[in-house]
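Alright, structures below, take your time with them.
Below are two complexes that have chain A in common, paired first with chain B and then with chain C.
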Partner chain A sequence: MAVDRLLVIGAGPAGLEAARGAADMGKEVLLVEATGELGGTPYAHYATLTPHLQETHDAMQEMLDGVKTHPAIDIRYNTRVVESEGQAGNFQVVLESTDGTRATEAVGAVVVATGFTHFDPGRETQLYGYYEFEDVITLVDAEHMMKDGRIVRPSNGQPPEKVAFIQCVGSRDRHIGNRWCSKVCCGIASKQAIEIKRMLPNAKVFIFYIDMRMYGFWEDQLYWKAQEEHKVNYVRGIVTEILKKGDKLLMKGEDTTMGRPVEVLMDLIILSVGMEPSKGTLEMANVFNIPREDHGFLATVGEPLDTVTTPVAGVFVAGAAAGPKDIEDSVSMGGAAAIKAVSFLNRLSKSLA
Partner chain B sequence: MAQKANPIELEVAVVNGVELNGHWNRIFEPRVISEYDLSVLDEVTAIPGAESLAYCYQCGKCTSVCPVDVVGDYSPRKVFRRTQLGISLFESEDLWLCTTCSDCLRVCPKEVNMISIMPAVREKAVMDGNAPQELLSAFENTARYGNPLGEPARKRADWVKSAGVPVPIMNQHKAPVDVLWFVECYPAYHPRGKEASVALARILHALGVDFGILGNEEKCSGDSQRMAGEAGLFEMLAEDNIKSLSKYAFNTLMVTDPHAFNAFRHEYPKYGGEWPTLHYTQFLAPRLEAMSLTVPIDRRVTFHDPCYLGRHNGEYEAPRALLKAIPGLELVEMGRCRENSYCCGGGGGGMWMDSFTSERLTMRLSERRVKEAVEYGADILAVTCPYEVSRFEDAVKSTGNAGKLKVLDIAELLAHSMGLVTANI
Partner chain C sequence: MLSNLYPEVPLEEKQRLFDQVKADARFEDYLYGCYECGICVAACPSARFYDFSPRKIAQTLAREDIEMFYEQMNDDIWNCSQCFSCVRCPRHNNPGGLITIMREVAVTNGLRSTKEALAGYTRIIYKIMTTGTQVSPDMLQEDAFPDWGPQVKEVASHLDLWRRALPPETLHTTGLSWQVEERTMLELYTIWKLTGVLDMISELDEGLHDIMEEVMDDALEDQGFTIA
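Right after this comes the complex of A and B.
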């Protein structure tokens, strides 16, 4: 007897869309979230959304409310999936809440939407000194400051006069083992550069890049806008080393369009850290025996035409658990996963009826 | 005020007592960019018209089409980059190398508009006295005599005496005409320009066109002075010419010079001077059937599209239609023709900065173009911009092609084929 109930793991944009979609199609949904809040990484860390710069909490509120108030969605906060037995149509999953309480639930299919984690710049092979210099921060640190409506040098609380973004930190690097472009960092850096120029119109803002990867509309929504309207300076060439000089940061690298080394002083350096599979994503690979693709994210079958079906029957994936995704990708995958999972449950109940 | 950029490399280094210029001392000293002084870029892009310099995203498409980069080290991409690095464009030689040929704008995905940037930035440099002396002399001549050559204004219509056909001058003609021919400076004064004017006058006469010229009332249209940074002078000339033209009744304004054509089409209307305007090739092409082209010109002819007729104003067909109609003439196209035509180097004030630019380039643009014409096996390089005859004839000599390649205005070729002149074909 198939269990006509869907488990969605992770309540970021992908999981929320999957849960809402499946529930709207008439399924009982069990939504498990490791933290005490819905909305995932963007909601927790990002002041504004890329590319339109809406305030994240405002922009996502309707999506969150739709899930919170849905009668068919049972949300478990502060809860992780720790074990699973059985198979498609009847998975017996063990949930463990942060207070250690365990519960077993029966579900017929699963959508894994456990997302990504930001690259830890301490692992960067370049010498950026993230853990050494207070004024070297990440995109995420910058978002946290922007949530408070300010951007300052952590070392002295003063607004920076010169700000540099360094792209591709932890991405596109065989040495680190991350052979992928994280897809969103060029856009987010450009978005933050615009926000910094809005807050500090006199600041000089630079983006040092290998190549700007502004796919689709981000080209003019972010890159051209930053360059043309906000006078953000894009410089091709990647920084290899950051040193302390007085109370400033000395950035060393090569300006490749001029073919010359660069040694420039900056007040604040923002590392555009990329995406890696999150802890939850790696745990779910183990719990459900989902193979990981070459780069370590959850594997799907039938790419590029099927983006959400994993090799494990009844287990689907949505969002950045399957690789670097922006929010649009994640939400689209959430919808696709809901359709695949619901139709899977429907087929099971017909064949076993 | 223009700010001096922090020098990021030595212009001259002395190594073991030997002076080495910037190209060489790079080998001996490490070159490190130690500052992005954005004050210069900010200052440049604050000038109305120059904003788009900062739009460059360094794709480099302009570099391969820029006629100057072929013979030197200059392209819009490089101009942006140097400015971003804090090198003052106001004091840089880069500012004077652009011929405003517009080929970069044709290919630029970001629409960085050098046609708007150059005159805007040059205007400031001219006001600050940072322009090549020979250019300032041309401005001075234009202001004083109404032409950049420094020829007396009262001799502007002297060429008419050698026309051999009546060329009515409006203030003596005292009657409306169908066509008012705006002759311009080089066709009025330069010996080779005058020959083309005589040829064109005879063609008009043979066609029975009811035409007249302004004669000594005409002044330089000023378009190239405008592109070279003298907006004030341009305005003065535009107002004077508009005033003179407004005195007379005519249906069509026909111009010899593509630069004047550009001014009448795009700039003079801003000052209240708007007339149906045709380049002379556009005026003649629809009248081909009435032209008795009987004397064959058995030559391989290639055509140099003027930047300001082609790219700036979209006319590529009329000159070709005229050339193709000449019996015996074989038209061969050079690799760089039509939209991608190479520039003769005379536009944007280049006509008056020959010493300045030739010292900074491995070859004149006109010389590069003449070599291309020779490579394509042409006997005659046909032109239809009055800057070009003299530029290309000089280039034919300086590249050692004297006797191999003739340079002739389309009007001369047509008049020759009509038996009206004997051109040196």
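Right after this comes the complex of A and C.
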């Protein structure tokens, strides 16, 4: 007898949509989240969301409440999936909470939505002196500051006069081993540049890029807006080196379209770090034997037409666990995974009835 | 950033000219943001023959690169043919229009490089502004433009006859490209004076300005017009 219950692992945008969708279609859902809060990486870290620069908690509250109050969703906070036995229709999964207690639960199908982690610019080669210079920060550090409504130089607490973003840090680089584009960082840097200009209208803001990748409507909602309304300076050319000069940062690179070297002093440099599979995503690959595709994210079968079905029967994936995604993509995948998982459970209960 | 071909000119002076360009009412319609895609360069006839790029003009103004802007004011803007093929820009920029504004600022400020660039055009400026027609048949002189070839000499020596062979009577002129009604000229003078176009010339070539002003004032006065 198949277990008519769905396990969703990870309560970011993808997992929340998958859980809500499956529960709305009448299934019992067990939602397991490693932290003490729903909402995933954006809710925990980001001040505002694209494209309308709405405050993140405001923007996501309705989605969170819908899941929290849903009678068919059983949420386990501070809990991870550590083992799984059995197969489609009857997985016996072992859950472990942060205090060490374990419990075994039976589920018929699984949606893995364990997301991504931010590239760590110190991991490989001390990239751009992130761990050396206080005023070199990442997009994530900048979001944390913006949550407090400010942007300052960590070294002295003063607002910066000149700010530079460096794109593609940890992405599109054979040396680092990450051959993919992280998809969102061009838009996020543009979004943050707008926010910085709103807070500090006299600051000069530069974005150094390889190519600006603005999918769909982000083109005019973020890129044109930053460039035209806020006079953000986009310079094609990637910085090779950052040095300390007095209390400023000297950045060296090439302005490739003007065909000349650039050496400019900056007060604050923000690294546009990309996405890598999260620790939880790698763990789930092991627990459920899900193959990883070329880049290390969870593999799906039948791309581009099926974005959520993994090669393991009864196991589906949604969101950034399957590769770099923005929230729209993650939520769409959450919905698609809910439909596939629910119809999978329905087929099982018919055939095994 | 790293360009400074005119170190002897103080930054404040360069900034002053830049601010004048930016303050022009047309500026914000002519420059949104630049992709640096080069569509304008591909369309630009001048870019094929000179070391000249409308992309760099748009980029420099967008980036507010004051040093580079000053270089372009001196070394680039007179390479443009003002054909406006560059308005194909996907961002709806108008690099040629930006150059128009830069030229006007260069002229009104009488930049030395502008005086040099326009020195050969004194006769043409005079002709256009006083008659409304540009190159007149009597400019066809053997020595003026050697690349027009040897037959110019023959044409020039019987110019009046050649012109009278043309069917429209309005083209039976030698000192003008075509006949211009006096009323039209008076309207032109009024426009040059009221719009400040005549004044623009004074920084560039004071002598030329004074001669033209006299011609215009006399003609207007003869007909009983006074322009405040």
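Here is the rule we use: the second predicted complex is superposed on the first by the 348 of 353 C-alpha atoms of A that agree within 3 Å, B and C clash if a C-alpha of one lies under 4 Å from a C-alpha of the other, contacts with A are read in each partner's own complex, and residues count from 1 in each chain.
Here is the rule we go by: contacts are C-beta pairs under 8 Å (C-beta built on N, C-alpha and C of every residue); 3 or more make two chains touch, one makes a residue touch a chain.
Keep in mind that this is a model prediction, so the values were computed, not measured.
For the composite obtained by overlaying on chain A, chain B and chain C cannot both be accommodated without a clash. For chain A, the partner that touches more of its residues is B, with chain B and chain C as the two candidates. By the touch criterion defined above, A:Pro261 lies against chain B and chain C together after alignment on the C-alpha atoms of chain A.
In the superposition on chain A, contact is made by A:Arg236 with both chain B and chain C.
Of the two partner chains placed by the overlay, chain B and chain C both lie in contact with A:Glu228. Shared-chain residue A:Tyr215: touches no atom of chain B or chain C.
By the touch criterion defined above, A:Tyr131 lies against neither chain B nor chain C after alignment on the C-alpha atoms of chain A. Counting contacts as defined above, chain A residues 224, 227-228, 231, 233-236, 255, 257-258, 260-264 meet chain B in one complex and chain C in the other.
Chain contact summary for the complex, chain A toward chain B: residues 204, 206, 212, 223-224, 227-228, 231, 233-236, 255, 257-258, 260-265. On the chain B side of its complex with chain A, the touching residues are 30-36, 38, 41-42, 45, 51-52, 54-55, 57-58, 77, 81, 84-85, 110. Touching chain C in their complex are the following residues of chain A: 224, 227-228, 231, 233-236, 255, 257-258, 260-264. Those residues of chain C that touch chain A in the complex are listed here as 1-3, 32-33, 36, 55-56, 59, 62-64, 68, 91.
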